Amino acid sequence: MIENSSTTPKTLPQPNPKTKRISMMTRPRLILRTVLGGLTLVTLYSLLTLNTANLKLSEAFKSLGTNLHSMFLQPSVGQDSWNLLLTALTRSVSLAMLTTLLGALFAFFIAVGAARNLSPTWLANTIKAVMAFIRSIPTILWVLIYSVTMGLGANAAVVGLTFHSIAYLVKAYSESIEETSSDTIEALKASGVGFWPIVFQAILPSIIPALLSWTFIRFEINFANAVAVGAAAGADDIGYYLFMSGSFYSNFHEVGLIVYLLLGVAVILELVSMRLRGHYLQKN
Amino acid sequence: ASGTATGTKSDSSASKDKDKAITVVFYPNESAKSFSGSRDALKKSIEKATGKTVKLQTTTDYNVAIQAIASGKAQVAYMGANGYIQANHISKDVQPFAAQSDAEGSLKKATYNSYIMVQQKDADKYKDGDKYSIKNIKGKKMSYVSNSSTSGFLVPTAEIKREFNVKDEDKLTQNGQFFSKVLYGGSHQGSAVNLLKGDADVAAFDDGDLMPYLKPSEGSWDKLGSTFEVKDDAEAPFTDLKGKKVVNIAMMPVQQGPWVYNTKSLSKDDQEKIAKEFTSKEFASNKEIFSQPGSKAAKLFQRKTDKQQLIKVTDKWYEPTHKLVGY
Amino acid sequence: MLKVIELDKTYGQDKHSLKSVNFTAQPGEVTAIIGPSGAGKTTILRSVNQLIRDNGGQILLDDEDIRQANKKELRKIRHHIGMIFQNYNLISPLTALENVLHGRLGAKSTMAGMLGLYSNAEKAEALELLAEVGLKDYAYQRCDQLSGGQQQRVGIARALMQHPKMILCDEPIASLDPKSTRTVMDILRRLAKEKQLIILINLHQIDVAREYADHIVGINSGAIVFEGPSQSVDDTVLQKIYRQADSTATVTANEN
Amino acid sequence: MLKVIELDKTYGQDKHSLKSVNFTAQPGEVTAIIGPSGAGKTTILRSVNQLIRDNGGQILLDDEDIRQANKKELRKIRHHIGMIFQNYNLISPLTALENVLHGRLGAKSTMAGMLGLYSNAEKAEALELLAEVGLKDYAYQRCDQLSGGQQQRVGIARALMQHPKMILCDEPIASLDPKSTRTVMDILRRLAKEKQLIILINLHQIDVAREYADHIVGINSGAIVFEGPSQSVDDTVLQKIYRQADSTATVTANEN
Amino acid sequence: MKTNYRSPQQFFRQRQLRLWVVLIILIAIYWLSMAIVSFQTIPSIVKVPAGLVWLFKNFVPTQRSISYLGPILYQLWRTLLVAVSSTICASFFGLIFAILGAKTTTPSPILRVVIRFGASLLRNIPVVAWSMILLFSFKQSDFTGFLALFFMTLGYLTRAFTETIEDLDGEKLQALQAVGANYFQCVFCGVLPEVASTLTSWVLYMIENNLRDATLVGILTGTGVGFLFDHYFKSFRYDAAGLIVLLIAILVILLELSSTQIRRAIA
């Protein structure tokens, strides 16, 4: 029923339109559908076998309502003070800044090595595999490692978090680099320009909007990570208060307030990123 | 000769460390919460005692805290009993020097309570004669706090292991082995909520964390078989659970967590100075660190009587917890 | 003088794209390579500055064989060969001026190149070249805001900035409208004469080739089938060059 | 018959792009609109099928004013107007066949269209149309694997699939090489004759316009400056149409 | 942009000035952040290799850890299932939101703002808050883990899909409009086929991502390889924890490889 068409048109069935059913399936389409279908099947299977702990949905949603209510409609500073929380928030933002800036700096140079249109395939593949490996080591482990080797504190937090930042950005940056047209690169190569000048004079200006966009996404993730595990390294940031009010006091009101603070930062971030992106894109 | 040579060498590098700031690490276990006021006062008094600058470090990760004190990157720490045993296991340099005394100012009852509780309506099922026991909890749904908690995990599992003579702790933590289902509440409150909502049949948690939400309606916090009721003014997540009752079918004393130092990275001199300062009467009357009798202000330590204070302890005193952990 | 001798190129195992190609291009002249699609025009051009490595032969630029150059020498040689592309291949977010200055990058140290440090003299020269191609007023415009013809002229200025001995053009007017086509071809012809450059240019438009080129090389299926002055290109020659299924139609069409 | 009467269009506040445009296009004829860049050629074409809303005038297709149609009627009318673009605008990951079938979307229910349910007859017709434009063997090829000329022919087949009364072409050959240009223009001319379509086509290439169009409309700065049979387009007319800074050069150049 | 400069010198001076301003701002931000959290750049970077050594010393799987392989593999499988199903469900809703929220295809600009804001909200609620919101209401189960991953993934995919759709050439949609197709037809016959391969690679990436996030979510679910990791980690069985990390890494790399293959096959 399904007729595959390979890229050589000669092998195509000669359609006899009036009698035979005309199929429009092609090989890539078939693969795409197989993949999606397979994933859907896996999804169905896992949804059906999902352990729901005899959940009564009506009850669950009712309790969800109460919890959300006390979290988001009655936020309060709890046992901590505004002063304390805001200072801690600043520390979290600073952590995210540091990890993002460091990550972006290192990632750019590594990404040049990981881009297929600039580097030999073996190097690009090796770097990509190493980065995938780094990404699969949980952040908390990185933080542990560095709080043991250099003591608790911001140093450990920043270094621990920067690993994932680099690994993620290398993937993103190198894909952006791979998207720059090879013709443009070739144009400079043809006039005898060396490797690094090409990277800085040709590739960098062309991909700045993409870099900006990725870096801001990562900033957002870094901020979330700083909150989630920065406190574990003893960076004494807002994550500590979130952890305390959440895991130790189950104080929904304070958690609500902290979530509001975090969302506030996220919104500001999104606005800044939209402005900057707009600034660059409008010139196109 | 070479041994002494390396010895002096490591000594000199260690002494260089010793001149530097003293790092104090807090892991927020059941007994040490986030009281920045108390922490600052602590810092001041250590600085006063040693004449050195003190750096306070908080961490939310159990492993990080233990590795920090065990590796000597931190010199002083306040930990739960279980955490201390782990740190001591990794490095014998970690030694306890002070813990909170009982109301009499002694170590005799320097404990708080960990419970195994069930809902009141099911309580009869757990009666062995006219006394409550945990004999019937096998095959039930169990809720712990988290697997790093002393009172919400270590002590209850030890009790169960003893009662049922189970060797492998992993049996108690996996679904469908000893228990039909194992839950983790994430916090003491969470574990209690698991029980109150009926998601778990049996739950473990401690007294201090539930006091704001539960009140003994029969018996008291110190009596086995007491009944506890959710207070009328209980906050979320207990708001929907008002009036529900639970019964403790087992009550285990948990040793107060110790203050420890790393004897390698903290000079003898400083060790003595800090220990002396902490166990002094003046220290216990510091209003920033101890909430004074009758006062409601939340501080790092609660003081029920004037006699209560920090008191000197050694590794030996933690023998019972050593036994529980198995090393 | 550029002399290509017995140049051979096979893609992959046995796809013969160039077979013993021989031709010459003189300074001061525009040499056009014409031929049907897939004949090997692009392949020749890219072999000349070794963007693709050929399989044998000689490419003599002023009697020096480009093919013998090592990597560093090659960069130096390339610096003296300008190249102009069908799709301009400018760095679009940069200004025309900066793109022209890119022509100097090959002559700079890595560091200066990376940071884009140009001397005042270079900047002045770039402006002058832009004026020369009629883009004085557009020097500070982003390249993606220029029309195709303007972009192509920036490309020419960039090539000139290299102080080239030779300029290679791969279908430089394919994406241009008739007006821009004339402007660009006029400039190229003028430059060849004025600066005594070797200009080698791939073209599809036979009429343009006949009007602007001094010397024409015809290629079909990787082999040179004609070489001579543009006046001598007549219908028989064209039929030989475009000898293919419906080549006659194409050729006569362009004769209108 | 398409009759455009007093069509007006201003972009933004006062940028007058079309000023009282009047012209007619007959079925069975190719009508070419020529004029310098920015004259308003694209604006006219897009107004005709109301992809942009004009500011006044009438557009009568078979005496029915397209401008009066409501949204639903407009969809119906558009369904009978094919459009061909400079950049083809095919859905690139889809096969040629599917892109051609898109021509039927306007005639289908939302649901059937969404799910791409086409009858066998439609599929057979699409294949036939592909054969008609010489792409029989490429029906199952992804569009981005086709050459420019081939893609443009898919675009034509898509337009034909609409059973159009009229086909609008916005510089359909600008990105094509000479050979593909001829193929595409030949097909368009043949279709106009055979199916009695109105073919309205924006062109930059004057020679192509003169060769293929029956009727020529010249536009400059938003105003029609010439309308008449293609034979009557001579140098004076062209100078009028391309009246601008250096238009004379351009025009005579194309006269060679 | 100003297009008239008196001389190239002036132009380049302005260029350089802008570059310097940006650089100085970045450096200032960096210094300020360093001061706020008291971070020391050089001493920290110097210690990076020491940390890697520590990692390999402590977390290399040992003979003993092999005995845990059985439960680990089983939980890894469960986690993969949750990662896949949450991603697929999230991508289904994410696609709908993205179509409604992308500049080129949105039916109303207000909806666009609402969706953008909503997605940002989902992305930025911290894990601890998710765990509180969900754990107390939905109990500890696979389903809760599924929900947490679902919401976080939904936030990311909505954003990613929106940007992909916005990058699409608007003229192609006009071509379908010109044919007389209506909104839904334009979306299904035009937008979706065009973005399918990009979206697929995003979906595959998010599966990989969710697999890694399982460590966080494991605490919510009380099952899965993430929980097991937490368990071994907290009971100081680093070799077993290391084995889990290794297995996850292998799975992630396999996923990335097959993702590349699939992308190439459907491109």
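In order of appearance the chains are A, B, C, D and E, and numbering begins at 1 in each one.
As a working rule, a residue touches a chain if its C-beta (ideal position, glycine included) is under 8 Å from a C-beta of that chain, and two chains touch if they have at least 3 such contacts.
Predicted model only: the values in this text are computed from it and were never measured.
Common neighbours of chain B and chain D under the contact rule above are A, E. When you average the Cα atoms of each chain and compare centres, the chain farthest from chain C turns out to be B. Judged by contacting C-beta pairs, the busier of the interfaces A-E and A-C is A-E. One finds 79 Å separating the Cα centroids of chain B and chain C.
Centres computed as Cα averages put chain A at a distance of 37 Å from chain B.
Our note on geometry: chain A versus chain D, Cα centroid distance of 45 Å, whole angstroms.
Residue positions 63, 186, 190, 199, 236-237 of chain B are each in touch with at least two other chains. Residue positions of chain A touching 2 or more other chains: 28, 53, 63, 67, 71, 140, 148, 150, 153, 239, 243, 246-247, 250, 252, 283. Under the contact definition stated at the top, the residues of chain C that touch 2 or more other chains are 142. Of all possible chain pairs, the ones that touch are A-B, A-C, A-D, A-E, B-E, C-D, C-E, D-E.
On the chain D side of its complex with chain A, the touching residues are 93, 95, 97-98, 101, 116, 120, 123-125, 127-128, 137-142, 145. Note for the complex: chain E touches chain D at residues 169, 171-172, 174-182, 184-185, 187-190, 193-194, 196-197. Listing the residues of chain E that touch chain C in their complex gives 1-5, 7-9, 11-12.
Of all the residues in chain A, the ones that touch chain C in their complex are 181, 183-184, 186-194, 196-202, 205-206, 208, 280, 283-284. Every residue of chain A that touches chain B in the complex is listed here, in rising order: 53, 62-63, 66-67, 70-71, 79-80, 84, 140, 143-144, 147-148, 150-153, 229, 231-234, 236, 239-241, 243-244, 246-253.
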